[in-house]
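Some structures to go through are shown next.
Each of the next two complexes has chain A plus one other chain: chain B in the first, chain C in the second.
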Partner chain A sequence: MVIKQKAMAGTMESSDCLVYVEPAADLQVEVSSVVMVQFGAAIKKATLDTLAELGIKQGFIKIQDRGALDCVVKARVETAVRRSEKEVQNA
Partner chain B sequence: MSKLVKSLEEAIKLCGLKDGMTISFHHHLRNGDFVLNMVLKEIAALGLKNMTINASAIFDIHEPLIDLTKQKVVTGIETDYMGRTVGEAISGGILEKPVIFRTHGGRPGAIDTGRTPIDVAFVAASQADDMGNCTGKFGKSACGSLGYAMSEAAHAKKVVVITDELVPYPLNGFSIPEVNVDCVVQVDAIGNPAGIVSGTTKITRDPVGLKMADLAVQAIIASGLLKDGFSFQTGAGGASLAAAVFLKDIMVQKQIKGSFVMGGITGYLVDMLEAGCFRNIMDVQCFDLKAVDSLAHDPRHLEVSATHYASPFTKSSIVDSLDVVILGATQVDTNFNVNVHTNSQGIIMGGSGGHSDAAAGAKMSMIIAPLSRARMSLVVDRVQTISTPGKTIDVVLTQRGIAVNPRREDLCEKFKTAGLPIVTIEELKARAEAINGIAQPLKTGTKTVAEVEYRTGEIIDTIKNIL
Partner chain C sequence: MRRTMLFLPGNTPNIIINADVLGADSVILDLEDAVSPDQKDAARILVRNALKYMNFGSCEIIVRINPLSSGMWKEDLDEIIPLRPSVIMPTKVSASYDVEHIAAYITEVEKRAAIPEGSTQIMPLIETARGVENAFHIAEADKRVCAVFIGCEDLTADLRCVRTKTGTEVFYARSRVVCAARAAGIEAYDTPFTDINDKEGLRKDAEFAKGLGYTGKACISPRQVDIVNEVFSPSDADIEYARLVFKVIAEAKAQGRGAVSLKGKMIDKPIVDRAAFVLEMAKALGKGGADHE
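Moving on, here comes the complex of A and B:
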């Protein structure tokens, strides 16, 4: 899969996260979190694992986390990536 | 004779306020309070420095305090509660001397016994006469009980009453008598009525909160304490209020006549009084206008001082007669210690208030809180800050199970018989971690930004600066 254009998934509600993706020459992941100290590394790992599963090698991914569980982070990342593909196909 | 002076400046000068003195404030105007800022602005204008503020609580509206500490106008803060805005600045290390946190019972205890003398007490009152009889029950800025102001009014070297509604002498239904008052100042407004009743005083709609409230009521019934003469205190958190509403239904249905309800008073507790669930309300602070109105007009609704409420240095206080208290927590540890001072990032955003006092006094002290908030587990190995010692906490209730302090085998047996979902505190921690994952530890700095005094005055923990 390839990140073809800007897309978002998620919300800024407590226990959720907002994921933003856009095309880039290399792979960049930026994480901010209300529980950065406690779970920053876990969020980054969940994001990178999901991107690897989807075969994403390039793109800028920004996670604004409000205390989401790993399963939520993974679902939001996957949805944002799929939206970034789908919207181009529909265009 | 009249004690009315023309301005706050004149009052401050008359009281002989000097560098390095201690002044006190009470927080009944909550996040609508204009008085603390107004007084400090005047003090700064007079060029006074190194003041110590002894306030029953600091709210976000008191943000100007941050600059005043930087300018060394204020160099000491002693309080029972500190909101996030000032708390974050303190956690950043802006004050050289650590903030001293007390409890709502420990503070008046320290004032009454002379351990923390007050030079000048500033009392915000929504009505006063020109000799200083005053109250919070009536007037455009009515806030209800003045319970937290009574100790300093009785013991401060000088007492200034600040009011926005002057009435002819004598004020009917005064809360603090003229005998203690040195001067009276009239101002345009002591506070913003919208902020006075602000805060967490609405019943929750969150299904997790409602589940906890339902379990809490079942636990109260199972404890055997819910019978004629029952006494009760609850906080103003959404789930605690829901528990009060559910409890009311049970008490009405079973025709149980309780003795009193205590604490910060909301309309929900007034409803319980009016439904005949309790003979009296003991009121140290009102949280909403319904409570204010009830205090002003219902003789069963009694205004009490903070000393009477909770001081461990009196012959007895109301918390000593409490059956059940429902309390909140940001963290609980496996020794049942409770943190209500700092958040997951170690930032000050609260304080004991009456938490430790009610926990120490009540026959059953019950923490109700969700198992996790924003991925942070409620139960940890060691709380970030010990606000209330675990030996005074009997029950930790979450939506995923109830842990009973091993000291209270009697309660545990009763809960089991009632079929309540009993788990160990370690099991609660494990359940939360299974969902959230294991949190990496928070690192704090080495500078002590606050000391936490237990109600008896003993320091039970320190809070370090954030990095």
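Moving on, here comes the complex of A and C:
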């Protein structure tokens, strides 16, 4: 998969996160979280693992976390990436 | 044991993560009405990940998929079936071929995912006039069908009548669906009571459904779970009576008597069957063993 266009997934509700993706020349992941000190590294790892599973090597990914579990972070990242592909196909 | 089935919106992480502590025997992770059309993709992936990574303990997981007419049901099954939910709930099932169609596709996905064929059960949601009239054929359509569930909100829209708390307008449909389920040898689950603030109304509605023969009832709020669980559980008096039934049978057998009576009433097969069911429920609820065995 390739991040072809700007896309978003998730919400700013508690236990969720908002994920924004857009094309970029390299892979950049930016995380902000209400539990950054405790779980910032884990959120970044969950994001990078998901991107690797999807074959993403380039793109800017911004995660605004509101206490999401790993499986929620992974779901929102995957949804945003899939939307970024789909929106181009539908254009 | 499935006294309560609690609906949880499929795209709401803060509710899904608490699914196993809400007291329901089963939760229905909903990909249909509780998810807006532009979030169907997000809900499908979130529910899939919840099934993949979370432990729901003894709480059974049912996933309600989008209707056949939506064009999204196959995508739902592609994502969800490999994670092995106990039950798939197809919506607006109106005829046996709806079930056959879904069952055939589930088999395809099970093969692809290398999981045991036939391990995913189906609980059709009957919520159209046509579905009610075809309830027995739906119940018998495939060996995966473990139960049927009547949904009276969409049904009353289809019947062009007003949904009321007394439920007079759906009395025929409720009766027909439970009778169809029992004739097919499967369970039947009752429609939710939609006023979450009316606890007395909920209790009456649940008692009425139990009286018709329903096994349990769907809930749309965790606040409804305790009342519905209570209504569909055997009371202490029921359990005591069931134990007594088996005690007098054992005593009669020891004395070589064929006919048995208890409190002036003959103990016949239906009474024994009912007592056995009560003791099975009691065992499942931790209220003593099923000592009739």
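Please note the rule applied: the second predicted complex is superposed on the first by the 91 of 91 C-alpha atoms of A that agree within 3 Å, B and C clash if a C-alpha of one lies under 4 Å from a C-alpha of the other, contacts with A are read in each partner's own complex, and residues count from 1 in each chain.
Going forward, a contact is a pair of C-beta atoms (placed from the backbone, for glycine too) under 8 Å apart; a residue touches a chain by one contact, two chains touch by 3 or more.
Everything numeric in this text was worked out from a predicted model, so none of it was measured.
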| item | value |
| --- | --- |
| First (chain B), second (chain C), both or neither touched by A:Val35 | first |
| Chain B versus chain C as contact partner of A:Ala9, first or second or both or neither | second |
| Chain B versus chain C as contact partner of A:Thr79, first or second or both or neither | second |
| Which superposed partner A:Asp70 touches (first chain B, second chain C, both, neither) | both |
| Doubly contacted residues of chain A, that is, touched by chain B and again by chain C | 14-15, 68-70 |
| Chain A partner contacts - residues on chain B that touch it in the complex | 344-345, 373-376, 435-437, 439-443 |
| Sites on chain A touched by chain B in the complex | 14-15, 34-35, 37-42, 66-70 |
| Chain A to chain C touching residues, read off their complex | 9-10, 13-16, 68-72, 74-76, 78-79, 82-83 |
| Interfacial residue positions of chain C with respect to chain A in the complex | 12-14, 17, 41-42, 45-46, 48-50, 52-54 |
